[in-house]
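Please read through the structure below; I'll follow up with questions.
Naming follows writing order (A, B, C, D and E), and every chain is counted from residue 1.
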Amino acid sequence: MESVGYYILGVIVTIIVAFMVGMTYMGLSRKITARVQNRKGPPFYQNFIDAFKLASKETAIHHGFMHHAGPAFLMVASIMSVLIIPVLNDGKWFPNLNFDGDLIFLLYIMVFGPLGMALGAGQTGNPNSAIGVTRGLSQMVGFEIPWVMALVALMMQYQTTSLVDLMAVQQTTGWLMFSSPFAFLAAVLAMLGMFRYSPFDIVGAPTELASGPVSENGGKYLFTMMSSGSIFAFAKLTLYVDLFMGGADNLIELLIKTFTIYLIPMLYGMVSPRYRTEQAIRYFWGWPLFFGFLALVHAMVF
Amino acid sequence: MINDKNSQKIADFIKNWARKHSIWVLAYGTGCGAIEIPPTMTSRYDAERLGVRGAATPRQADVLLITGYLTTKTLKRVIRVYEQMQDPKYVIGFGSCTINGGMYYDSYNTIKVLDKYLPVDVYINGCMPRPEAVLAGFGKLQQLIAEGKANGAQKYKDDHEYYRGNLRKIIGNKYEMPLYNW
Amino acid sequence: MVGSPVLLIAIPLLAAFLIPLFGMVWKESVRIVPGLVLAYLTYLSASLYIEVINTDTIVEIIAGWRPPWGINLVFSPLTGFLTTIMTFMGFIVWLYSYRFKRNVEFEAAKKYFIFLMLLVAGSVGIVITGDIFNQFVFIEIVGISAYALTAFYTGRDSAEAAFKYLIMGSLSASALLIAIIIIYSQLGTLNMAEIAANIDNMNPYYRIIAMIFFIIGIGVEAEIFPLNGWAPDAYTEAPGPVGGAFSGIVAKAGIYAMVRMMFTLFDIAGPMKILIVIGLITLIVAETSALRQEKLKRMLAYSSIGQMGLVLVAFGMGTKAGVFAALFLMLNHAITKPMLFLSGSFLTFNTTEKYIKQITGMAKKMPVVSIIFVLGALAITGFPPFSGFWSKMAFLSAAADENLLFIMATILIISIFEVVYYFRVINRLFFFEYDDKISVEPHKPGFNGMIALFVLAFIVLMIGFYPSSVTGFIDLAADDLLNTHQYIDKVLQLGQTIIQ
Amino acid sequence: MKEIKADLISKIKASFDNVTEKDYDGNRLDFHVETRIIPQILTYLKVNLGYIHLSHISCVDWLEDGEFEIVYIVWSPEDKLKVFIKTRIDRETGVLPNIDMIWRQANTYERELKEMFGIEVDGLVAADEFLLEDWEGLPPMRRDFDTEAYADETFWHRPGREDAMDVREAIIERSREEIPDFAKKYSR
Amino acid sequence: METILTIFIIFIAGATGTYFLGKLSGILRSVIFITTLLVTSWLFFTAVSPDVIIEFEIMGILMSWGLTPLAYVFAIIVFGLAIIIGIYAIKAMEGQRSLNFFFANFLLSVMAMFGILISNDLISFFIFWEIMSWSSYFMVVLNHKDVQRSGITYIIFCVIGAYAMMMAIMIIYSYSGSVMIGDFISNFHAFSLGMKWLLPILLLIGFASKAALMPLHVWAPGAYSNSPMSYTALFSGALSKMGVYGMVIVMIMIVQQIPDGYWIKEVIAWLGGITSAIGTLWAIKQDDAKRMLAYSSVAQLGYIIVGVAIGTPLAMMSGLFLAVMHGIFKSTLFMVVGAIERQTGTSNFTEVTGLIRKMPWTFLAALMSIIALAGIPPLGGFIGKWMLYESLMGSNHYLLIIVIFFSSTAAFLYCYKFLFGFFLGQEEKEWSHVKEAPAMMVVPMIIMAILTFVLGVFPGLILKPINDGMQFLGYVSTDNRFWEMSTIFNDWGNQVVMEPIVYTIFAIFLFFLIFLTLKGYKNTRYVTTKDISSSGEIPREDENLTFITGFMQPFFRAVAPVMKRQIDKYYTSFGKGLEALFDFTRRIYTGNGQTYALYFVIFVILLLMFRDSLF
């Protein structure tokens, strides 16, 4: 019984940490974007205020059950991924639900949420939502390919599908970022799409699509989505750190590493205009795919 | 605990503080006023530092910003957009057209006084108001929110018949307006 | 002994001449007498056949002249098998046309049945005779009655078709005659057994020439390419049951004559390239032509030609398995193709043009006939569990034994076309809406016609579900065909015993 | 340009009766024509002379004459010339020929004319409500429609504008511009 | 009497009774139909044991019937689907044309599939294969829709496959004198090298044509979409698995006996991968749900074939598991389409939208099946996909796994389109009369949907018979090595434990669902789909703003170069060319007597010229 309680406690703490970190990162990104644009920008805790305000909205509407449950699907995906990705090396953090952190399971559970939310967006009957969803899914096909190539290269090179094993490998061989540079490049370029920052933000283009899939969501629904987004961001960043940067031994190291990774899509986005969907797909099937191939060749040769 | 007045007060205070610092604006750019929004938002005046931020759809927005004259035709849409917004919600009338018709005082199809049709919380005077004035307007709104006085939505709910009656007067009975739906 | 093989020829010939006389007494007898005759023939043939299987080949001597001088009839497992099929099919055709022709006036019916009798008599004669000149005579009898039946409707097109048939028939007759003359001049005999026994003594040059003329002469009846130009027209223009009779009786007789010539007369051992090549070309041309036909009967005619090509290929392999497959194919074709012709002519009864599109959606109006048509189509395209499958399987197995992979592949590919055009018709029949503008008025099938179709359908299903019921007979027939020496011995030995 | 104009005038005059032209400086040329030949002359211009672009259909309300003047503006990318085809119809009974078979987009202008001036167009497609929703009464662009009175009657005015000055006198003084008689009644 | 024979007799009697007694009354027909299915299934699941072998002889060829453990896996699919779809079909087919024929043919199809599975010899295998072909063909054209095109295409590919198979069977028979599958396998080494290559390839062509493998897949969209949905469910769910069944035997038992047979496996695996990718892309493009699902079936069969072709224990397990799963979810989806078509009269996404509130149970079934199809945990599809990926990695197929991944990611697009097109989007007045499908249709669908879930949590339920079947194929038992009741392992010992994952997912989902529901419960309100934030404009009642036409257009702009080449077109032009050629050969028969006489003369001359070479 103790262990069950310990597990549940671990789960809750992990989720809270992920939420806080994700929110802060997003706030920081707004701040940094503002500074890059020579603005003062909102305070770094602005996102917390926004989230709180959304949560305190008094009324809410929904267009049916799927719309109502959409954010819950999203939450399932983000929390499941945060539970499966080991936060720190050697199980120093709560052991969680990680089951060795199976990467294929992770890949699939990560699309569970977007698909569920897409169903919610679909039920609103808002054409903008549906258009946004189709763009998002198309773009997903785009970036999944190099991303999977990178993962497959790693998995086959080290003969494991377990994230824990990959982290353990890095304890001896050093960061995979250096030993498998092409996989890292492909994965990083795919990450640009995964975070949906500019130039890959056509999914929710505010003026064109009225923020796309979320255009009918407000109040508690948007709040849930926002929280899920931040948890998911944390999960993805941790995944990258675990995969390529040797994981982290403590929370501070984790924060530094994740933030470094986070800077890449953020800074890339700040200086890029927006791609159309097919341009985005072609982008991902250009250099990232090439790097993915190189990663596979690298994995085959070594 | 929940019925406790003090804790309710504290909760209200926190909520209002959050609402005050997070104002998502749906700019209904009907008239020439829309041109003043970009400078307000961009680096020169940077409204985002106050927590003011654009929202794309009424479902997410807190503030409906009416930037200019409203014809009878757009008025219907604006009211619908307002009703689609979720509580708590505020209206800012922007420019003299919303106050007294401005230069369209004798036009056959623009309304002259916005607050007959929507519960305006803050008017921003000027033709056009400069970004400074806009920021001042937001500041005033924040102040009202913090004090808990920005209760236009409540007014709209309470005096719904009055607002709807005014609307009926100009659009006639032909146009099917849905019932009140936030 | 229940009777003599000679009766198989004599009775129908006699009946043919007596029918007009009977007709003077009682008009209906014109229709009934042929049926009785054919029924008796079937019975006779079948009982003789069973006897032959159980005991030994019957060699009947006509007019006391011993072989090799006189004409003799050979009723062996092979000929008995074919004769039984032919007489039976003749009976089925009669059964079908008994009422089918009722709306035709007396004179026409009389002619029709006379020529049908002649056709059966001639075909049976071709099969059981042991003398090539006699065979030539029977071929002519078949030919003449076939011309007449083709021109039965006395329209312009029928006459043209009959005329074409006549041209080809005449040419073939002359070729056949040339071949007979060559052989007679070389060997001095017309008896098949005698020829077969002495064929090695013949000048090889003349031998080949004779063979070529034989092939050409018989090829017209056997519908080989390119001598089958008459067939599509004749099948199309002749009445439906006649088409059935052509494919079920005449073509079989032609094939038999050719095979007998190749196997026995010229005693070619091993694979016969000529038959394979001709058969394949016939098959390919016929089946591909059938794919583009717009008339139902014409399509069936091409299909019939194609099947004959397949039979020739099977014979051409020259092995036991090949002959077995060929005979099996002949049997199936003899049953299935008349079934298609007969049901097809019910379907297109009220049209003169017999376009395929005119039977669109007919299954709603004539379900049973349509189902029988489909059964025939499935059987002839070789879908299990219907009869055609087993014969196709036997054929492929024989080809595989001989390692003729290319032929197997070709025939299977050609079969795809066959499937396509048959299924197009099935689709039209069953899976299109009945359309008053295109489709013809349905005709209520007669009772006797339905019985005929049911009998055929029953046989198709019986062979399909239990092929062993016929394979034993076919096996014996195949043995009989291949065993040339036995044939020679049987015929000539008989002559010797009489001499002694 | 001169030659083009002269050529055009001669061609038009050769083909149509009762055409009067008025030349302007630059790339503009006016023709006054009868209403009934409007489709023919526009077709002629479009098909034969290369005036393939319909810029606009406009209307002037000649209240005093009891007529509307309809102006069709067409443009030739080759000649670089704007041709105004003007015609007058009766204010109350006049019917305009439909030209949307010549230019599909003319439909938009015709609907606008119908709605804003109340001009009947022969065989107008989609003659229902266009810009104004639920408008009843006099079309608002007619000059006998009293906008201010309508606004006063329909809309609630916020008080405080009563002391606004009429600036027309000052304008007349400064620019020496004459106010036409019919406009005088709008002066405060 | 042997149980197997009893089952056959019941099937034939049932089919005959359904056809003839069905003319008397519809209820009698349904009763006979369902009784036949129930009795046969009951007999199969209780009384058929793999040990019994029946032997008999036809035309001197020894034949033998008996159920192998491998066939048992497929028989589970066949009977399980048949009974569920049968119940569904009774209601779904109500009021359609030729019902007697439909139900009788349905039973014949099931019988033929059962026959295929119990055949231990190639001849009876082929016979049942052909019975299956024509009975399914009659179903394809039963609706009178697009008969000459899709029906003929289907039958052409059927017979191409069947004849290739038949050629192989006949070669086997004549070379080895036996048609027993077991004999063939054990004697295979005795064949010459050429035969060793030819025979498996011919057999594979035969099986691939039913399993809709890449160049032979063009029949699938037309055939699947034109047959009645109640049959397509069986068609795609069970009938196409017969091809897979054959491929399993060939790939495992025969191909690995070929020297360098590795390459056949590779080629087939790649064909499977490409099939899945192309099928997926085309599925996304379809606006008709039936065609979409048809292409999707092609794609899913591609995965199965990849698994089968790779042939490592894990891959084989994944192939068979996916076959079972595909049977379940794809037939559910076809049933869903059938239900929608019955209730609304159309199966086109662009016509019908917003059914979720009208047909909630159907939606639930569709949702579960789609999740399973997309391979998203925790439903059963994920298990199969997971094993497939792991096996591909374990066997070092670096690029193939990317292709598979691409198609399974792109599959999300059509998965979403399916759900969105029918159930989501704006609710229209035009469809306000639509009611939920009758219980007899909904219950089978829901049962299937629950099955996908149960197999997701406890894949061991179905992996156990698969394991038995694989042991029959010669694999070492994979129990506890690659799977436990609710755990799956890969080659490297990594594992996924489904049970806690499923519980966690449900706990999280329920928690947030409750959170979303309870928070501000009083002020949360349902609004219609007409009340959307569309810049204040209110869509009229008859105005449908749902975005469905040109769905996924940007994606197609990106993949345009791939989509330009369409294999159907090559086939069509090939067919047209052939027909033109035959038009020419037909002209040989000019209908002119002189010409024929000329042919006669030419023939004589030719024979005389070539007399030496011909004789």
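To be clear about the criterion, a contact is a pair of C-beta atoms (placed from the backbone, for glycine too) under 8 Å apart; a residue touches a chain by one contact, two chains touch by 3 or more.
These numbers come from a predicted model, not from an experiment.
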| item | value |
| --- | --- |
| Joint neighbours of chain B and chain A, given as chain labels | E |
| Neighbouring chains common to chain C and chain D, by label | none |
| From chain A, the most remote chain by mean C-alpha position | C |
| Centroid-based (C-alpha) most distant chain relative to chain D | C |
| Chain centre separation (chain B, chain D; CA means) in Å | 39 |
| Centre-of-Cα separation between chain C and chain A, whole angstrom | 79 |
| CA centroid of chain B to CA centroid of chain C, Å | 96 |
| Cα-centroid distance, chain A relative to chain D, in whole angstrom | 60 |
| Per-residue multi-chain contacts in chain A, two or more chains | 57-61, 210, 215-216, 219 |
| Sites on chain E at which at least two other chains make contact | 523, 525, 527, 531, 533 |
| Pairs of chains, among all present, that meet the touch criterion | A-B, A-E, B-D, B-E, C-E |
| Of all residues in chain A, those that touch chain B in their complex | 30, 34, 37-43, 46, 49-50, 52-53, 56-61, 206-207, 209-211, 214-219, 222 |
| Residue ranges of chain B touching chain A (in the complex, touch as defined) | 14-15, 18-19, 21-22, 24, 42-43, 46, 48-51, 53-57, 59-62, 86-88, 181-182 |
| Chain C residues within the chain E interface of the complex | 160, 163-164, 167-168, 171-172, 175, 208-209, 211-213, 215-216, 219, 226-227, 229-230, 232-233, 268, 273-274, 277, 284-285, 288-289, 291-293, 378, 383-385, 389-390, 392-394, 396-397, 399-401, 405, 408-409, 412-413, 415-417, 419-420, 423-424, 427, 430-433, 466-468, 471 |
| Interface residues, chain B side, partner chain E - complex | 57-59, 74, 76-78, 80-81, 84, 87, 178, 181-182 |
| Complex contacts: residues of chain E adjacent to chain C | 57-60, 123, 126-127, 130-131, 133-134, 137-138, 141-142, 144, 147-148, 151-152, 155-156, 159-160, 163-164, 166-167, 170-171, 173-175, 198, 579, 581-583, 585-586, 588-591, 593, 595-597, 599-600, 602-604, 607-608, 611-615 |
